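Below are structures written as structure tokens.
Look at the two complexes coming up: chain A is in both, with chain B in one and chain C in the other.
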Partner chain A sequence: MPRAALKPLWSGSHIQSMSLYSAHSQAPGLRPPPRSLAHSLRDAHRRSELVHVQQPVRDKQETVVKNQVEKKRAVNTQSQQTEKTARRFSPDTFPLRTNQKEAPHSHIFTSVAAEMAMTPKVPEVRDIMRIERIGAHSHIRGLGLDDALEPRQVSQGMVGQLASRRAAGVILEMIKDGHIAGRAVLIAGQPGTGKTAIAMGIAQSLGPDTPFTALAGSEIFSLEMSKTESLSQSFRKAIGVRIKEETEIIEGEVVEIQIDRPATGTGAKVGKLTLKTTEMETIYDLGNKMIDSLSKEKVQAGDVITIDKATGKISKLGRSFTRARDYDAMGAQTQFVQCPEGELQKRKEVVHTVSLHEIDVINSRTQGFLALFSGDTGEIKSEVREQINAKVCEWREEGKAEIIPGVLFIDEVHMLDMECFSFLNRALESDLSPVLIMATNRGITRIRGTNYQSPHGIPIDLLDRLLIIATSPYTEKETKQILKIRCEEEDVELSDEAHSVLTRIGMETSLRYAIQLITTAGLVCRKRKGTEVQVEDIKRVYSLFLDEARSSQYMKEYQDSFLFNETQTPTMDTS
Partner chain B sequence: MDAVVEHLTEVEEAAEDVLTTKQQIVDLDSKRNKNREALNALKTEMADSEKVKVCFGNMFIKFPKSTTREMIEKDQEQLEKEINDLHKELKAKVNHLNEMQGNPELRGYNLSPLSTGEIKAMNSIFKI
Partner chain C sequence: MSVQSWTQSLQASRKTALIQDGKRKIHFLFSDGKEMAEEYDLKTDELIVRKWRNESTLGAQGPWQVEVGEPAASPVASSDDVIKENNSNPVFMRTDTKSSFQWRIRNLPYPKDVFSVFVEPSEKCIIIKTSNKKYYKKFSVPDMERSELPFDCSALSFTHANNTLIVSYKKPKEILTLEQELLKELKKLKGTGDGNADCKTQ
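Showing the complex of A and B:
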């Protein structure tokens, strides 16, 4: 039942049923967009427009439903009672309008309209809302923990790694409660043991309101920006600031506009504007300025408008349903909305969450927010940052802002060099610091840019500040389970034997290679018009594509025939 | 079972409370709008020297214009204050209801709003 269709029904007793409580706890269309590690920038701007206040877009279907609801109401008093109970859970005088269309590409901020309002509960688990390309970790929905933080063997796309998931869960709770900030966590383990998956799980379970920024260690090396600048921008993307905007608006349906023009053609115009809601109706006297902006907006009787009290800005929300039959010929853009409920003069409170980086950007450049789009933010002066820190702290003192320390995830952290590590050391001590999560698959190796060896390629002094979570290789059973999940994710049907064979391959070569084979085998299977991947398909792709071990074996055998071959270096050198 | 009924009753009462407050705000706003209309009428409709008829309950009494205006203005101030108080109360009540229903508390609810100047500065971020 669309919320807006619920009219206030006042008198009389009512029946309360328990199910109705939950019926409203999850409003449709309020799903935040999914998140992917690859889009770290998008992540930083946590864009999940929860509620649209000013642009009600309703499609025809909803209109039909509404009309039906209204008809029903006329005949059925029982339904009146149900509706009343349902209305109870939106005790906002300012009706919250949801706009499904805008959610996916939605905007940078979480804006919650809360005019004395309860916002609908945001679902904990993020659902995929649009068709996204299948990524390596697209099956991860969370950490797979129960309420007591005990990891379930297989849940939310996570398999095994119980100890590390539990550890991550503890850290997650601390982040959610805001207990830790300026701490750092290192996820260390062999390749293909689910380090990135755990980080993704943390990101997914944090919810839409906690900033999460992800980057890979090598992303910071750029010619345009210094390494530390790039790092500090990421740090500031991971810190959110929550602020509230409060406006007084007049919202109502225009009953009549009456404008008297002086006979001479010049001079002040005077007029009257009659506005109504479902509860009341009143007449406003209009001045010259107001008349101008009304005619500029082409406001006519039957429109639903809002007037910002402070600025006098008029915006049209749409046409009232009751006037739907005034004209037959109507533009496609004409939106129909319900006549507003409650009082005419309303108070609207909107909560925005912005990241410190966004505030930096608009303040550091003359062209302002355009820089946010072009991506060319350039370097931001440290004075600007200091000023903004001071302002934000002042707001916090005055109770005008809340600071939400988010999470900065750096994958492949061994790619950072000594300068970056010492910067991290210092940045973690700042009072506006997010939780830093790093992941690496290196053992004892050289720190980049030096000749010193250190565990994980991270200097000992930084290691000392970290909470370290270790991941361990998957067992055969877990590998099998992961392959099964991936098959579902990639929409490939696998026969039991093929599944066992694939698991075997996964154990002997690597999990990543086995996962690669799923899609390719699926293609081979489709080519021969089969419905289920058989052992033959797996064999075929196994012979078509080499795994790492076979490829290096081949190299060793035939290295003489390749160009520029040299005597073998013992290990790969990344620094 | 009894506990469930009791809890539901409590929730119900809290919800009823929220609705009552909201209706009260609506009623007060309607009164405020009527007063505003009256003030406008006093300003534009007639000469200053005239006396106006003011309706008290079911009785019309003639009053000098200036006294009437003062009276209404005072009333208006009182109304504004009351509506403000009700808004504040409503916040607490909605929070209470949320808590009883086990819903999470609203985020950023207790923040004080930014001033208009500050909002203007931030607007370029919001409007994207």
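Showing the complex of A and C:
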């Protein structure tokens, strides 16, 4: 394929998805030479599909063709048609199109490569939708428990830690029940034993409807807001209220999407969307956000969609029945629906979940609800909060609303100071309080803001209110399993020997260090054009990057040649 | 709500009047938290604007909903707007005359025989339909709803000229008397000529 040579594809797991796009975006400045009928017949289906699916993410002037019902008739007049539709729908873009012809299949012809080099390279517009980033805990999909809350050895990305996972499962049931307010749980354990993973597992099993607020202990220290205000905002973010609200939605069948992108690849995109019902048709102007979400949802002509006018949320209802015979290549899960009737814009009652904090912000008149978007909410008066609490309780009694207590997760909880701890003591007693989960990796240490030593750096009176879940270090077998899961997540293939070596590294240094080596070793492997990471690759990255122990060792040996070596601080100061 | 109860709630509402730019502007605050603003021409006493503002369920202040008059143009057309109608689309607005409710729909470049306008008594609304399936509108008459008056098919008429469809509905005599009384009341309100006066109802 010449296309591979034409374009420096960026490496990694995205190659597969990228090549689809590149087939399209690679041929500016060309029009397809006349083709044989057989040729175009073969291509027709592929092309029509590509045009409609990939259209919104291409990086040039483009028009999604008003989708013809009689696709077959259009087969051997492809190029004519493109011109025709361009003239019909965007007269102003036509002159541009004459010198930048779209040639979706020109990579078939070998002469393309030569001409390609002449045309100026248009910078690739990368859309957010294609970048899937891998986080430290993105392999975790739940707690890995069965129906009887018995933990499976390996499940949903979780490995080992059976007792703590079981305990977390019990907590999870308590949260789902929603009756008990203000329970607090502490997950304590050495670094790298899966404390945050368990919290993430709880969050994942709760599903998107239950509020889960995560913050690190040091986040609440800000000059703009007092510590307690910040904590109470987090508390209220973790309580959801399900309530019915009327919103304006647009519901219709997509007739046409037209997106014009500046040829330079940067700058504002201009988009138009034509929707219809059985009775009417309307053209909408699209903002940038809308264009992005349309391409993310892969909306194409013939889809029946609803758009929430206020938030711009798009949901696809299915494909219109009139398009049922358009394509023969269609996913089995494609649903066919009737074209909507009547007016395009309707008022509908939708149930949605807002947090108590959002209601607070809306009702604190000093800022107005716009503050939600700017993020600058300031402090909220306690009177406002009391009013909201009363109102919410009233709604609940009237059956208008439902309270969903969620979870507040505070990582590195030893970073909180004495004032926060005493605030927590009080806040946990409120009946509108979420389940609080804290995590710490400290042993007996000084409570921040005091000179007292206490287990986990938490005052004894608060500890007394907590259920404590302990995590224990992973065994070798578990470490091996975790590394395997991470390899799958990071899309790196590991040979058996390399896997054992990496496991040993994980046991001797730390699990985190071993996980760090996966992608780096994968890169080294790819540089030598290998497909599977071998022991040599691991050795190489092991020699390139020091782990914590070797680094300390190195420091001790060469301390004298470092700067400021004569100043010695006895302990780290955290207050 | 019958004619009487609507009159009562109007009387019970807190009102602020202001005379500015040749218009008599009145702001009503009803007991349920709803706000209504009206603007009358000083010379002809015609209603130019009537708009409403409600509080949303969560307590946020909603935008003004225009019932009569030209919809307020957004101050700056930002590109961040999620989605909005293209300006080539039909524009629907209500502009009343003294004797009838009137709706004007601009940007409708189709011949008159395409349109059909009729009353749907069961849903208490008027429907505009096009045979070419380009435009469809179902709208109620809030004045009639507030006074709980029945619709009369013969009061409805429509014309089409200059790409504009004009639909008229003759005001029933209950509405006419109500409006006259209301105007008389409003004229009694002391209006300040100064725009900076405090609005007591807000």
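Note that in this section the second predicted complex is superposed on the first by the 325 of 575 C-alpha atoms of A that agree within 3 Å, B and C clash if a C-alpha of one lies under 4 Å from a C-alpha of the other, contacts with A are read in each partner's own complex, and residues count from 1 in each chain.
Keep in mind that, in the parts below, a residue touches a chain if its C-beta (ideal position, glycine included) is under 8 Å from a C-beta of that chain, and two chains touch if they have at least 3 such contacts.
The shown structure was predicted, so the numbers you read here are calculated from the model rather than taken from an experiment.
Visitor: Is A:G312 touching anything from chain B or chain C once the two structures are fitted on A? First, second, both or neither.
Guide: A:G312 contacts chain C only, not chain B.
Visitor: Just to be sure I read the superposition right, which of the two partners does A:R347 touch: chain B = first, chain C = second, or both, or neither?
Guide: In the superposition, A:R347 touches chain B alone.
Visitor: Where does A:L286 make contact in the superposed view: on chain B (first), on chain C (second), on both, or on neither?
Guide: A:L286 contacts chain C only, not chain B.
Visitor: Just chain B (first), just chain C (second), both, or neither: which does A:F562 touch?
Guide: neither
Visitor: Tell me the contact category for A:E245 with respect to chain B and chain C: first, second, both or neither.
Guide: So A:E245 meets both chain B and chain C here.
Visitor: Go through the superposed model and pick first if A:E398 touches only chain B, second if only chain C, both, or neither.
Guide: first
Visitor: Look at A:L273 in the shared chain and tell me whether it touches chain B only, chain C only, both, or neither; answer first, second, both or neither.
Guide: second
Visitor: Counting touched residues of chain A, say whether chain B or chain C comes out ahead.
Guide: Partner with more touched residues of chain A: B.
Visitor: May I ask you to decide whether A:I359 touches chain B, chain C, both, or neither, giving the answer as first, second, both or neither?
Guide: After superposing on A, A:I359 lies in contact with both chain B and chain C.
Visitor: Just to be sure I read the superposition right, which of the two partners does A:D209 touch: chain B = first, chain C = second, or both, or neither?
Guide: first
Visitor: Pick out the shared contact residues on chain A: the ones touching chain B in one complex and chain C in the other.
Guide: Overlap of chain B and chain C footprints on chain A: residues 243-246, 279-280, 282-285, 310, 342-343, 354, 358-359, 362, 368-369.
Visitor: If we count contacts the way the header does, which residues on chain A are in touch with chain C in the complex?
Guide: 243-246, 250, 268, 272-273, 276-290, 307, 309-312, 342-343, 354, 358-359, 362-363, 368-369, 391
Visitor: Would you mind writing out the residues of chain A in touch with chain B in their complex?
Guide: Result: residues 10, 16, 18, 21, 25, 88-89, 91, 93, 107-109, 111-112, 114, 116-119, 121, 209, 242-246, 279-280, 282-285, 310, 342-345, 347, 349, 351-354, 358-359, 362, 368-369, 372-373, 395, 398-402 of chain A touch chain B.
Visitor: Which stretch or stretches of chain B touch chain A in the complex?
Guide: Spelled out, the residues of chain B in touch with chain A are 8, 11-12, 15, 18-19, 22-23, 25-26, 28-30, 32-34, 36-37, 40, 44, 87, 90-91, 94, 97-98, 101, 103-104, 106-114, 116, 118-119, 122, 124-128.
Visitor: For a test of understanding, state which residues of chain C touch chain A in their complex under the given definition.
Guide: For this pair, the touching residues of chain C are 56-61, 78-86, 88-89, 129-130, 133-138.
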